[in-house]
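Two complexes follow with chain A in common, the first pairing it with chain B and the second with chain C.
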Partner chain A sequence: MLEEIIAALNDITGADAGEITPETELFEEGLLDSFGLVELLVQLEQLGKTLDVAELTREEISTPAKIAALLA
Partner chain B sequence: MFILEALEHYAKTDRIALRYHDEQVSFAALNRMADAFAAYLRCTLPDDCRPVMIYGHKQSVIPACMFGALKAGHGYIPVDTTYPADRAAQILYDAQPSVLVDLCASGLSAEHTLSAETLTQILSQPAAPAPRSGWLRAEQTAYLLFTSGSTGTPKGVQITAGNLAAFHAGVKPWFARLPEGGAFLNEISYSFDVSVCALYEALSRGMTLWTADRQTLESPQALFALLREARPDAWVSTPSLAEFCVHSEQFCAELLPQVRQFLFCGEVLTKKLAAELMRRFPGVPVINAYGPTETTVLVTGTEITQAMLDAPAPLPIGRPFENVCAVIADEQGRALPDGEAGELLVLGEAVSPGYLGRPELNEALFFRTEDGTRGYHTGDLCRMEDGMLYYLGRLDGQIKLNGFRVELEDVENNLVRLPNIARAAVLPVWQDGRVTALTAFVLLEKPDGEGALHRARRIKSALANTLPSYMIPRKILAVDSFPLNTNGKIDKKQLAAQLASGAAGGTHEPIRRS
Partner chain C sequence: MNPFGGLDYFLILLIVLLPVVVCGLKGVRLRVCGMLVCAVMLLAIFRTPHALLLLAAFWAWQTALTFGYLHLRRRAKKPWVFHLAVLLSLLPLLLVKLSLWFEPLRALSMLGLSYLSFRAVQPLIDIYDGRITELNVLDLSYFVLFFPSVSSGPLDRYRRFEADLHKERTGAEYRVLLQSGLWRLMTGAFYNFVAGNLIWKFWLSALPEHGFWATVSYMYGYTFFMFFNFAGYSRMAVGTAYLLGIEQPDNFDLPFLSLDMKDFWSRWHISLSTYLRDYVYTRFCMAALRGKWFKGRRTSSYLGYALTMLLMGAWHGLTPGYLIYGAYHGALMCLNDVLDTQCKGFKSLKKNPKAAWALRLVTFHLFSFGLLLFSGRLI
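For the complex of A and B:
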């Protein structure tokens, strides 16, 4: 799952492979905002994974590793 | 002015005008603070009616400053902190306000600069009600909103008290369902014209504005907690915000039991979103509305029906309000017959007198008919059928992103001002018929040896000094060369085609240019 999340993030942000790591701080580093988050949710839905945004704080989804843990 | 009369009226009740985090401001307090601010302006600037610039983000004192300015016969310029200090400084230079209310300690200054602390002192002074004879008159500018300009500097749209009165009259049927009192979501930046729906339409009905600031909007949990507590009676937003919310199954009639209608404007409303909302909120009308900043706020609207969802055409943007005239015209400005595509011209009392200090632009975009009616060339390509308008796209490089107007050239001009960028092209990313993000392509003067993400982050943080956050491209990609057209300009159509063929997410539609 982690690889798929990072691949989606690379696609959304235009990062080269290897630049986004499991521990990259997505919001703090300015990689994602609310609208980028929507893009990520759409891509995750296409993989059959859903996250309920109403339940989430930014802290809980601040890195690829944390998102992967939520979806595991 | 109707809003000032309404403030005085509801000040006699115990209604709440504004909620902001744990703070609440009653109509009585709002009216009293506005009177205090008006008294300060009259005393400090007895013979001056230049506008007051307010630089901040959603603070609960902002409406008091706005209405206080109107009570003293001044206009105001709301500048949200999404505008960086450099861009705010340009606005300050263009608009020459006599007073700057600086709520974010920006370091900018005008003749009279008021910090948050000084303002609090002014607003707490006892003051007599501002005399109605000194209130802003119909022909005077009530506010100036600065929008993206293709040259790379923002342009100020002047909206008069008369324009606001025309909007208030025109939009009335669309807010007729709202109860007197009740709750209204106040999530839209005050730099964006749609915030007028909350500040003027909701407050003049005695409703409470539940303020969602950026911090709240960026945390899904906080936003849903606010919705649960506010129980809004009406929903006015860009489609983007609702798109975000429907990602949670909790966004349904149980969360918003009071909501009587959804009204969307600012960007394309997709059938997918409208249908989803109609499914989750049975019986609650979904309204699509339209209006450029230059025509105050909204000038057309329609309730979305099942037949519209089933029809092959995209959703219509509505019929003109009763006091608005819409004409589809060819390049010479001649009216076209029903069904033909052309530029939408908007005529009526809601049309702005023009941009501040831009006579050539005003000459090109604003006009008067023989009977003196003001009109505006929207630059929007539309089609009209039996009085119903359909939006087809832009005639220039302007796009709407999350409801904000962005001139792509504005972003490009700011990119090439940065070191080591020789040329730049910015393209919108399309998804389901609307723009979801911007992608910038840059040609470097010399290789920088950086990874794509590091470079993008560096460029984005440099752009953040001159551009509002919503104008910063999500992706910044370095290219070895640009496809050029015969004039030596970057061929964006070809660039978009290259991107579409290689990109995984999001298709890129070619940009229409007149």
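For the complex of A and C:
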């Protein structure tokens, strides 16, 4: 799941391969904003996964590793 | 009686909270005594038969609607039924907002209706999404009518509130909560009664009504007044909630240190901005992306910001000042979005310590000008 999340994030943010690691702070680094998060949710839905962001704080989904753990 | 408005309020609050604090320190669960305190405080706040009748009618309407919708949702998940339920829940608020043009509707106006309505809608969204499948009428009523945040928020979420309500705490755990609550109550009172009132009395009230420099001075004074007044109320409300065993999230987080407007709205009136972000902006953008409504990649984001901020303005009232305030913030959020995505230098500016202070100053002024629009002084 982690690889798929990072691939989706690379696509959304236009980051270079390797720039986003499992521990990258997505919001702090300015890579992801509210809309980027929506794009990620839609891409995850296409993979059959849902993330209930209204129930989660930004801190709980701040890195790809944390998102992957929630989806596992 | 206005919540946190004067000595009489604090005296009643002190009397009714003392037994709660004793129970809390003994490790007793505070759900029932919190509800009793809430009932007494609502009677004290709303006081007149007319206001109490309106509150009772509002409660009956929202309770019937929520349980009715829960019943329908168990059978099937139909978007139109959900939209109708939300509309009906917001109907009292809409009617009161329309009293601007239809005077008789003003009779429905009651203290805190804007906050109470948004709190009442929130469980409906959770029911639709499937997060809530069971409801307790007492817990729901306590949540919607929770007295500390009746007039000025913060806007809590039902499931978070309910979890706190049923939490078992030892006396020692409650003592920590009590300390944090008292600290918030005292600092909130200082913000509101000392800082806010001083600014009002010696700055804003002393200014002439017209003139360019008087308006510039008013802009700064009003911004600081709004912060101390509103953040003060919020802190007192959150502090009182802590004493009742409800750990409501803080509503302000050093907003004048924000680097840009997006940052600002994650620090000012946080409970309203996250509410609108989660339930309006995110849902609108998700629907737009799923349905491929627009060609441009970020078009739905721009429209989402415009919609969210206009709604935020309208929620305050339908007068031109509030609507322009909403449109202004919608435009600023779109501009922020363009800078974030199209201008690579903007990101590095935010990371440069010296430039960051300049950005903070600009953001502060953008917001202050917005509050000047909000104040109605220009219109």
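Everything that follows uses one rule, which is that the second predicted complex is superposed on the first by the 72 of 72 C-alpha atoms of A that agree within 3 Å, B and C clash if a C-alpha of one lies under 4 Å from a C-alpha of the other, contacts with A are read in each partner's own complex, and residues count from 1 in each chain.
As a working rule, contacts are C-beta pairs under 8 Å (C-beta built on N, C-alpha and C of every residue); 3 or more make two chains touch, one makes a residue touch a chain.
Model, not experiment: these values are computed from the prediction.
*Asks:* Which holds for A:19: it touches chain B only (first), chain C only (second), both, or neither?
*Replies:* first
*Asks:* Quick check on the superposed pair: does A:33 touch chain B, chain C, both, or neither? Answer first, second, both or neither.
*Replies:* In the superposed model, A:33 contacts both chain B and chain C.
*Asks:* Which holds for A:41: it touches chain B only (first), chain C only (second), both, or neither?
*Replies:* Both chain B and chain C are touched by A:41.
*Asks:* After superposition on the shared chain, which partner residues are touched by A:65: those of chain B (first), chain C (second), both, or neither?
*Replies:* After superposition on chain A, A:65 lies in contact with neither partner.
*Asks:* Between chain B (first) and chain C (second), which does A:2 come into contact with in this model arrangement: first, second, both, or neither?
*Replies:* Touch status of A:2: no partner.
*Asks:* Do any residues of chain A touch both chain B and chain C, and if so, which are they?
*Replies:* Residues common to the chain A contacts of chain C and of chain B are 30, 33-35, 37-39, 41, 52-55, listed in rising order.
*Asks:* Which residues of chain B touch chain A in the complex?
*Replies:* Touch list, chain B to chain A: 217-222, 224, 240, 243-245, 247-251, 402, 436-437, 439, 451-454, 456-457, 460-461, 469, 474-477, 504-505.
*Asks:* Residue numbers of chain C touching chain A in their complex, please.
*Replies:* For this pair, the touching residues of chain C are 125, 129, 131, 159, 262, 277-279, 281-282, 285-286, 289-290, 298, 300-301, 304, 337, 340, 347, 350.
*Asks:* Write out the stretch or stretches of chain A touching chain B in their complex.
*Replies:* The contact residues of chain A facing chain B are 11-16, 18-20, 27, 29-31, 33-39, 41, 43, 51-58.
*Asks:* Inside the complex, what are the residues of chain A that reach chain C?
*Replies:* Residues of chain A touching chain C: 30, 33-35, 37-39, 41-42, 45, 52-55.
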